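In what follows, subunit A forms one complex with subunit B and a second complex with subunit C.
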Partner chain A sequence: MNHLPQAWGRPRDDVYGAYDHSHFQTQLPNQHTQSPIVTGTSVVAAKFKDGVVIAADNLASYGSLARFTDVKRLRKFNDEVVVGFGGDVSDMQYLDRLLNSLDIRENYSNNENPLHAKNLHTYLAKVMYKRRSDFDPLWNHLLVTGLDGEKKPFLASVDLLGTTFSSPTLATGFGAHLAQPILRRTIPDEDAVANVSQEEAVKLVQECMKVLFYRDARSMDKYSIAVITTSGVELKQDEKLENQSWAFAERIRGYGTQVN
Partner chain B sequence: MFRNNYDNDSITFSPQGRIFQVEYAQEAVKQGSVVVGVVSKTHAVLAAIKRNAEDLSSYQKKIIPIDSHYGIALAGLASDARVLSNFMKQQSLSSRLTYDRAIPISEITMRIADRAQANTQQYGKRPYGVGLLIAGVDQKGPHLFEFQPSGVTQEMIACGIGARSQMARTYLERHLDGFEGASREELIKHALRALKESLSQDKELTVDNTSVGVGGIGENFTLYEGQDVAGWLDATFENKEDAGEGEGQGEGGEAMETDS
Partner chain C sequence: MAAIFSGAPPQGGPGYSFNQTPRTAPSGLRQHHGFYPYTDNGGSTLGISGADFTILAGDTRSTSGYNINTRYAPKLFKIGGEGPDNKNARIVLSVVGFAADGDALKERLDTIVKMYKYQHGKEMSVAACAQRLSHILYNKRFFPYYVHAILGGLDEEGRGALYSYDPVGSYEREQCRAAGAAASLIMPFLDNQVNFKNQYEPGSGTGHDLQAKVAAPLPRDTVEELVRDAFTSAVERHIEVGDGLQMMIITRDGIQETLTPLKQD
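Up next is the complex of A and B:
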């Protein structure tokens, strides 16, 4: 008996002649987009009194190789939104082009109501969900930061499944495990946001980037940071982590060359 | 044999640079019963006369709410208006779904304008035989747009289209300065008075033939018909006789209303 399921239930070759298999799909679908190749690691963001701060390092890894060290993973959109990308870099570049064409379309349609962060987050959520429903997800975890329709700070995330989540502090990837608890110490809930100044928020996020550099093997010490307030977007793309202290490293035991 | 060789289709210019089919379409607008629109700093109002084909039939719809923030009033072929309003409803809904944004009034106006213009550029198409007033509120406040079969759109402070609408426009021009600062009720009264101006001698505004649509900041676009407009009709037209009495009396039920 032929154990291949494709052959089951077909007319007998000895009676009807050789079965024409040509209508079967001979080629399997492309699968090279089904897993990330060149990746960016965590994105970290926090709301403060009158804005949002977001940061991501400038590294694009090829597996464990630190392949590209000048990749800008924060993207400004129309003076009041910044999107941070974690995950696959080529998918990030696709989304970047998508946002570019959206921006151009919006600017042509002469309306004076620019898309704000909430609009953009909804849009990106639909894009991500559409792609995952096509079984061809964009392998990213995005943070959308900026101001909403009432000029209030806005921070929300979308992942490769189109899942949306919003919180006064957010971090993607490794940062969700390492940075999020640190952020929550200062900003445990929405009420705490009102007591956090811009300086405090920036320092907090920088501290998170430092901890991530210490602990995340796919990170690096050059990063981008953006602050979005009612006065606009201040985006710096060539920052370096300062005041690093590796003293703690000596006390770490349990892996590497010495086991104990 | 032919009076005019240049009106067989809607894409051919006459030697004088006119497109006759478009001009005929504009005549269809003038056959429709009159509709009026006015905007203030806070509100946008549409008012319309409904016609019934015969005493036993219902009245033709003149004002169509499209989305919660705006609606249209039509003069001309009602079936063409239905096509356009269905399109507008789809576009409005899709804007809310993909961007979580109420579509800007100028944007939706541009979209139907583009559709109407495309009809004058492709063989076998005909222009829409309907004029629209599009009124509502978006992020930038209240707006009123006029749409013509030619694809021409204009933002207006006040506008009237349809049969004998010149009389309504004359009224609106005379009271132009009063509109910007007018209250909701004043604006509705202006619209109804303008409507009344263009009525023929033997006709009157009644609860049966009057439609009013009101949109405002913080107020959804709502269609008022039947008994809902009775109060405004009384206040607008019977006022002349009542005004003296109302102030002079000051007793009974009326005193209760003016109290404190």
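Up next is the complex of A and C:
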């Protein structure tokens, strides 16, 4: 018999084995997302005279594996807002559901004043900042594009830390290094936006998508592009990069298999 | 009460059996906490108070690493006043460090100052606002707002008032303060030019006979010039500072705002 009273009436270790404490006691708090899993790469956007262009390719990578090749990363919210998602794809899908429920709620309560791009940007910024403050971040970098309350072109970004900023041209991920300099060459500041036509802006963004495909190993030549103007959203989701020229590749030396 | 009847053995006492049972889950190799909730968005701010005015200034560049996020992201915010564009506000807050925390802090202080007016029927004084800001920061000291804040306005006597803060709410009223990326470049310049540190009366003697030049509030145009000089110099030597210089000058007539270009390189 066991002479320790606190053990009486309990299953005997020598018969049933020691109690498995792992069921109720862990040493660390709940594990939240520590790193993204399936990811989308750059999103590129630029303002022009009377609207905004935004583009992102249709690839979702699993590390270095090109896992899903038909993932649409631009989301039309209404006739004047499009959101582009970079980063974790499952978190993008969560945000997509969140925006769906927001849209339904908004449409029930009022019809006169639909949410514009600035509203949606503020909303998403608060969501992202809340989640980072809970140490449970949504691993995305978003670009919110469209028209603001005065029907002026609007372009701003939110990242997983809740950091927000706005600029006449924006690009996330690899695009911040590769596309942003190209975009800034044509649209250096807010004043330059007035001199850029829709055709020029679209061509500029397409050029950026091409440069990104040349140099970003996690990119693809199939992409989505959206143009938002006062006449609505024109979203194309099955575009293919045109006029690719790999002639430059022949001249590249110094890494890969050949050394010099 | 629940603890008494839980049946769990007393902590540190013998286990259920003569065989000691493990008390905690087996600790295998766990993944390290990988998410860091802060970043530094660069930039610099500075504030100088005078006899009947306060000037706050900040550059408008926002960075992450070597990237420039945008060339126009203001770090100066009007606090209080009416409506979303803070009409007739008399207090200015500048925040530099982690921009998302800065925006959150601004938003909280702004609503508090506006609510104060609704509830008390009078404007909040700068001294009260300054103390409230300290409390907001201190309340979050275990997960701080990663910002260096400077608050400016006019005190009850109409003199320039300037308060500076650390991220956990320590604060102090000062004549001048530089904060942010180029603080270590600007602050010594300000010590010398505003508080006349290491300046002596010419011909007052040598060694211990030297008479220190006494600091007095500077006129407004001199201060504006100092601010411009401080920033043009900081731009030359710090890569996170540049693009634009935003200034807010608080006088008894209200807040005057200016934006002048800085080098973009």
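Everything below uses one rule, namely that the second predicted complex is superposed on the first by the 228 of 260 C-alpha atoms of A that agree within 3 Å, B and C clash if a C-alpha of one lies under 4 Å from a C-alpha of the other, contacts with A are read in each partner's own complex, and residues count from 1 in each chain.
As a working rule, a contact is a pair of C-beta atoms (placed from the backbone, for glycine too) under 8 Å apart; a residue touches a chain by one contact, two chains touch by 3 or more.
The model shown is predicted, which means the values in this text are computed figures rather than measured ones.
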item: Partner chain(s) touched by A:Gly162 [first = subunit B, second = subunit C, both, neither]; value: second
item: Contacts of A:Phe135 with subunit B and subunit C, given as first, second, both or neither; value: second
item: Subunit B versus subunit C, judged by how many residues of subunit A each one touches; value: C
item: Partner chain(s) touched by A:Ser101 [first = subunit B, second = subunit C, both, neither]; value: neither
item: Touching partner for A:Ser22 - first (subunit B), second (subunit C), both, neither; value: second
item: Subunit B versus subunit C as contact partner of A:Asn113, first or second or both or neither; value: first
item: Partner chain in contact with A:Thr122 - subunit B first, subunit C second, else both or neither; value: first
item: Shared contact residues on subunit A - subunit B and subunit C; value: none
item: Sites on subunit B touched by subunit A in the complex; value: 97-101, 104, 106-107, 110, 138-140
item: Residue ranges of subunit C touching subunit A (in the complex, touch as defined); value: 7, 9-10, 13-19, 21-27, 30-31, 33-35, 37-39, 41, 62, 64, 67, 69-73, 98-100, 103-104, 143
item: Contact set on subunit A toward subunit C in their complex; value: 2, 4, 6-7, 9-10, 12-14, 18-19, 21-22, 25-28, 31-35, 129, 132-133, 135, 137, 157, 161-167, 170, 176-177, 180, 189-190
item: Of all residues in subunit A, those that touch subunit B in their complex; value: 109-113, 115, 118-120, 122-123, 126, 149
